[in-house]
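Beneath this line is the structure, given in structure tokens, with notes to follow.
Lettered A, B, C, D and E in written order, each chain numbered from 1.
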Amino acid sequence: AGTLDDVKARGKVNCGTNTGLVGFAAPDANGEWQGFDVALCRAVAAAVLGDHSAVEFVSTTGRTRFTALASGEIDLLVRNTTWTFTRDVDLKFTFVGVNYYDGQGFMVPKSLGVTSAKELDGATICIQTGTTTELNLADFFRTNNISYEPVPIETNAEGQQQYLAGACDAYTTDISGLAATRATFEDPTAHVILPEIVSKEPLGPLVRHGDDEWADVVRWTLFALIAAEEYGVTSANIDELVANPASNPEISRLLGTEGDLGPMLGLSVDWAVKAIKAGGNYGELFEKFIGQNTPIGLPRGLNAQWTDGGLLYAPPFR
Amino acid sequence: MTMMTAPPKQTFRVGMLIHDTRYRSLTIQIVVLSAAMLMAAWLINNTIQNLAVLGKPISFGFLSSAAQYDINQMLVSYTNQDTHLRAAFVGLLNTLLVAVLGCALATVLGVLIGVLRLSKNWLVARLMTAYVEIFRNVPVLLWIVFAMAILIETLPTPRDFRGEEATASMLLGDSIAITNRGVYIPEPLFSRSLGDLPLPGAVAISLDLVAILALLAGGLAASAAIRRRAERIQNATGKRPATWHLRLGVIVLPQAALLAALGFHLGYPELRGFNFQGGIHLRNSLLALWLALSFYTAAFIAEIVRAGILAIDRGQTEAAAALGLRPGRIMRLVILPQALRVIIPPLISQYLNLTKNSSLAIAVGYMDITGTLGGITLNQTGRELECVLLLMLVYLAISLIISAVMNWYNARVRLVER
Amino acid sequence: MSDPSNARDIDRSRMAVRDEVAIRIAGMNKWYGSFHVLRDIDLTVHVGERIVVCGPSGSGKSTLIRCINRLEEHQSGSIVVDGIELSSDLKNIDKVRSEVGMVFQHFNLFPHLTILENCTLAPIWVRKVPRREAVETAMHFLEKVRIPEQALKYPGQLSGGQQQRVAIARALCMRPRIMLFDEPTSALDPEMIKEVLDTMIALAEEGMTMLVVTHEMGFARQVANRVIFMDQGQIVEQNAPEAFFGNPQSDRTKLFLSQILGN
Amino acid sequence: MPGQPFVRSHMLPERAPPATAAGPLLWLRENLFSSWFNAILTLLSLGFVWYVLAHALPWIVQSSWTANSLTECRQQIAASHGPGTSGACWAVIRERYLQLIFGFYPSRLYWRPILAFGLTLAALAPILFPALPRRLLWLSSTVPFLVPWLLWGGSLWLPVSIALGAVLGYAALRLVTPLAGSLAGVIAAGLVPVLWWLFGAGPATGLLQSALPLAIDSVQSRAFGGFMLSITIGIVAITCSLPIGILLALGRQSDLFIVKTLCVGFIEFIRGVPLITLLFVASLLLNYFLPPGTSFDIILRVIIMVTLFAAAYMAEVIRGGLAALPRGQYEAAAALGLDYWKAQRLIIMPQALKISIPGIVSTFIGVFKDTTLVSIIGLLDPLGFSNAIRADTAWNGIVWELYGFIAALFFVFCFAMSRYSMYLERKLATEHR
Amino acid sequence: MSDPSNARDIDRSRMAVRDEVAIRIAGMNKWYGSFHVLRDIDLTVHVGERIVVCGPSGSGKSTLIRCINRLEEHQSGSIVVDGIELSSDLKNIDKVRSEVGMVFQHFNLFPHLTILENCTLAPIWVRKVPRREAVETAMHFLEKVRIPEQALKYPGQLSGGQQQRVAIARALCMRPRIMLFDEPTSALDPEMIKEVLDTMIALAEEGMTMLVVTHEMGFARQVANRVIFMDQGQIVEQNAPEAFFGNPQSDRTKLFLSQILGN
């Protein structure tokens, strides 16, 4: 049977997440997982099962995440995983979209007086292993013909600890991670993120190869969140919009008041409504977990809607 | 003396497969063997099917493709353009390095602590007991991350060495820098170096090192010859000539001459750019792993040493003393040879444990074989089956070699009994 | 209790006692912690004397003879062995120990060395005798205790009686002038006791000064020229063996003898 | 002149030793300052103790218990102890200790793991302390079925029908042995429960459950975390590894070449590789080895691998116990007409296991400590959980308090157990056997 | 050597030997590896016979009686016990073992079981006797060996002699028709030897078929109706005890007897 049927039969979505990444996935004091990646899992659960809490979170490490997905232990993996050719083709996964456009950057203490990554010749650099980061780093320094001393570390918490204690001159990971980390410093202003972005890191949810129904569900749940923001559908006004269908037919189709997109996916008519109500649209989630008003304080940047000059672009719902 | 009469011929009945002791064991073994083979066949069949479903047939081809990642510590040359196989080899050498360093330090500490635990000094004995209890009752992984945290958080950064109001300074006449990025110590350099000796497999060995080792071996042999001569003299006259200065001389003097000839000098680390440059860099990851494994294992070794010494009957010491032997001689001639027999086997199995525990290197980012082959290579290539199997084989080989040595030793020193 | 007197006649010709003093103990006291083990011991042993020490368990016999080669320290009084006063001076201790041989109840052979090596170890390392000579001496004494053919075996391969004889040979190899024995036969099976006692008798015949803690009364009668009875850390009675066994004076001695001979 | 005859007229009383040989001064001199070398050691040790206490105590005491984030902690400490004081932020422990202990286990159900743990202790008591009444052993035999049910929840009929498997095995042993000999009996006793568990237990549970629903809330093993996870893995692994270890040890001792080779191969293989590689197998490879489509929970997989790991070590411990038994015990059993399995069950194993208890306890301590390794494959044991807590914005950057708390908990457990095993060793050494 | 003949008069009335054959060994050979331990043993034991086997150490006495209940396997020849031929068939072995009781030198009681449990274990598990009955039998035999009051103690709490008597009771509880004894008294202190020998004499008086390896010549004289002397794995001489001791034929027997009695 397909994953969608399995999930419905089980009544739970098994969602692979990070073991702990500030802003994206971490358990709170009540043992509830919270974060930007986590919210996507909840939206999928809401869309499929109508209950945003019907999720089992499986914490995975860089080493175990793909096996967990391949073996069927989890139904989807939302763990700041970069969409690459080999992962998509050789490792046989399907990336269903991008929920965060990231890029690898460097953070250094202001006091170091460095303004460009190219000045980092001979520097000690902390990198989180098990990601594409170490490959990008190797490539960057090789192409610029400068040397560095890599300090591999397992988790972001350790990377931050080493960086703060001065055990490395620079810390490199995805810009989002850098910003999130910097935000928790006692004095965030004492650290700068260097302008170089050495890689493209489209982070997105992925599912197993060959289960297109399930891939569609996850893909369009993500798009529903993005489209909702584009059309101004928020968790606050969605009930009203459902009750009084607006003039925009795109919104009506998205919310299921018109057409039957949901049943085509094998879901209920109001699947998108539930997904959006689970935590809000893309913009709401962004602001809630990683946006400017959170301690992490990420700007929208590339992750703004295409209408605002960003890269977020949901295909039409029709 | 007697003719063997053949056992009476019996007709074979099926029931005898179970009831007859001669056939019974055969029956059991065949049943067990076929069950085991069935099980193995089932597992292998499942694996093949699963791999087919995933479209990932077993292949070790990835080992010869470029690794593309950097390793900060290597004992042989390596760049990110080298193969995964070479990365694994670098990792293996790093595993062996930390294992050897760890065993050495753990032994020294363990023996010291084990002996001090037997000390008549109440305070020292108590402290050592506390040491043993604290270290062996907390998981080694916790000790490793703890050690790393201590190194990082309590030591000065290179920046602290810089400028007018430096808060930290180098030790021993600016030759050693202890920083939270590791310890920098002077490195030996040769101004008239003999160059490298390339070996197959792109491994190069420094000829200087070869020369030094060869001379050292020669010196040791000469020293042994002097010792044997002293022994002969003792056997002949009963007087043992003092030879330590001679023996030291034949080892040290030629070395000194060779080093002078090679233009030996030390390369001191100095603060340049972001880091100390030059010298040998003992990285935090290595230090943390090394110290944590050594301190943890030392607690076990201390217990082994203590038990070994206690296992020797007091009567042995008394008998030796009654013969007029001095305490030092009693230790060397009577107690140690016996205690070592008791100590060495469990000691070697502690070495084995330490080597296996060194696989926890990944917790601090030390690039041992688990970190390279079982870590980044596995992640980058997605070849779990091949990587983990290779990894297990490597550890198994190391273990089997160590236990072969242990068995050989046990067989050699076993006390002769009736 | 086996009675070696039937076994062979004793040659008493060389067993004369000389006037020279081998051991002189005067007013010696010893405590273990606050437990008073040896109380005011006075004892003079002449060269050539063969003294048997007996007494109930825990009476301090072992402690007494262990004090003589300073395996135990005494706290007051004096012990002079072969003219050397035992003090905490290491040199004195060494000298005394190479003059005094000791044989233990549990043999205490070194299990990692062959019989021959057991016997040559101390001569080579303490007396600094050339190995050849040490081996010759060792073989000589091993012959004396009648096990030269075992020289290359290990202690673990020998029976208890053989091991004890090796222990005697080992002590003799240091050519001591005084031999101490602490219950040398009590860990042995009955058949083996005889062979060890025979060896000790042979030693006595050669005029060795001997202090023997033992309950082998046959041996005492035959060989000793004085029997000392200890109780509660004190010497209660001493006498020639005939007198001691025939006509014990003290009540304690009588009680002890009745127990031990009645058995 | 030989000594004169002498008879003591009066016995000397016991006297006190001279002053230099007793009293507290003597104790000091003998134990701390008996030589200049010892005196130096004493002073060095005192210095070391002072150094450690002087640094650790203020940090431990000048702490904050009430803050809600690390920043708040720093402010509170600076406020009450002056700026620049470094102190512990125990507030993180106050906020998260339940998580560190129970993981994600639903808080209203905390009583279940607590009860399960208590039951386990109660069940162990009659095994560990022979003085207790033997009747308690009945409790011990039900607990292995009861505890998993309490932890994972679900239908009561599941543990019942699993226990039924054990009963069926015993019944098979009793039925088949008289008919077809003891070997067949043993095989039947092994086979019947396995078949029942594979094919019978599921439907039976369903049937019983529909007839008489008796169930408690079920909890996914994903919710397990913190110390509960460590203890669960440790206890389940040790309990399950005991029978496997016994079989392996018997196999290794047997003179059947193939059986022996297989057992030796298995034991040496498992003991030759680090546990972490076995955990990799659990997390990465086990799915390859099972029929396509089967997938079960990572914690179960980890428990399986840790069980195999413990079994190999257990086998060696039990082999030591077997080797310590005199041959006469085997011969006496044989001479009385007991066959191999009866002799093992009635004579050999009870003694061998008793001798092995200290070794088993040590193995358990080792396995319990090694459960921290599961954090490397992403399970949230205490160490793994500490990382997750550090990923919380409020506590990002906290280190020592968490490590200290975890280390202290492990220490308390392991120390208690190692004391127990020492007590046993002493007891076994003095006990008349 | 203690001589139980002084102890009590023996009732020989029931000790008659019947014509029935209990054990028949014919042309039996056994090797340990390439070492030929037992050579062409022929021996017939009738019901009610009491046979003492003696001989020097290593002569194969233990091996012989261990072959009889197949604790050791023989390689050629035949052993028929109570009409059952010993072969590698497990069922035969089980049958024979429950017909034949064995008492070892070192008792080999099960230390983790009480005396009573030691005695009831085999009847319950092998003979499938109800527990109540097994306990009754056990108490009966424990009374016979005169230690019923120890029934609830553990072996470690008993003296050696008591332990050996329990071992005899344990064997008897299986109601064997033949009893084998392998040096039942040689690990005991002299005082305890007598009590065990008395127990064995009592058993003999009841007409039990017994094969006893022992060096207790007093016992042999008093109880045995045949003494077998073994040397180098062969039966060298067998005879009635008076003839055997009074007029040994073989030189080896004479030598052995002189050693063992001279001691």
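Note that contacts are C-beta pairs under 8 Å (C-beta built on N, C-alpha and C of every residue); 3 or more make two chains touch, one makes a residue touch a chain.
Computed from a predicted structure; not experimentally measured.
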Going only through chains that touch each other, what is the minimum step count from subunit C to subunit E? 2
Trace the shortest sequence of touching chains from subunit C to subunit D and report its length in steps. 1
Among all the other chains, which ones are in touch with both subunit A and subunit C? B, D
Min distance from chain CA centroid to global CA centroid: chain D
Heading the list of chain pairs by contact pairs is B-D
If you take the mean of the Cα atoms for each chain, which one ends up farthest from subunit E? A
Would you identify the chain whose Cα-based centre sits farthest away from the centre of subunit D? C
Cα-centroid distance, subunit A relative to subunit B, in whole angstrom: 43
Taking each chain's mean CA coordinate, subunit B and subunit E are separated, in whole Å, by 57
Compute the distance, rounded to whole Å, between the mean C-alpha positions of subunit B and subunit C. 50
Centroid of subunit A to centroid of subunit D, CA atoms only: how many Å? 40
Which residue numbers or ranges of subunit D touch two or more of the other chains? 181, 280, 284, 287, 376, 399
Multi-chain contacts in subunit E, i.e. residues touching at least two other chains, fall at 90
Please set out, as single numbers or ranges, the residues of subunit A touching at least two other chains. 63, 67, 70, 154, 161
Let me make sure I understand the interfaces: which chain pairs count as touching? A-B, A-D, B-C, B-D, B-E, C-D, D-E
Subunit B-facing residues of subunit A, complex: 62-63, 66-67, 70, 86-87, 90-92, 111-112, 120-124, 129-131, 134-135, 137-139, 142, 148-154, 158, 161-162, 165-169
Would you tell me which residues of subunit B are touching subunit A in their complex? 54-56, 68-72, 80, 148-149, 152-153, 157-159, 180-181, 272-275, 277, 283-285, 362-363, 365, 367, 371, 375-376, 378-380, 382, 384
Subunit B - residues contacting subunit E, complex: 1-2, 4-8, 10, 16, 18-22, 24
Taking the touch rule as given, give the residues of subunit C at its contact with subunit D in the complex, in rising order. 17, 19, 29, 31, 33-36, 39-40, 43-46, 49, 75-76, 225-226, 231-232, 234-240, 243, 249-250
Residues of subunit A defined as touching subunit D within the complex: 18-23, 25-29, 31, 56-61, 63-64, 67-68, 70-73, 154-157, 160-161, 164, 181, 183-186, 294-296
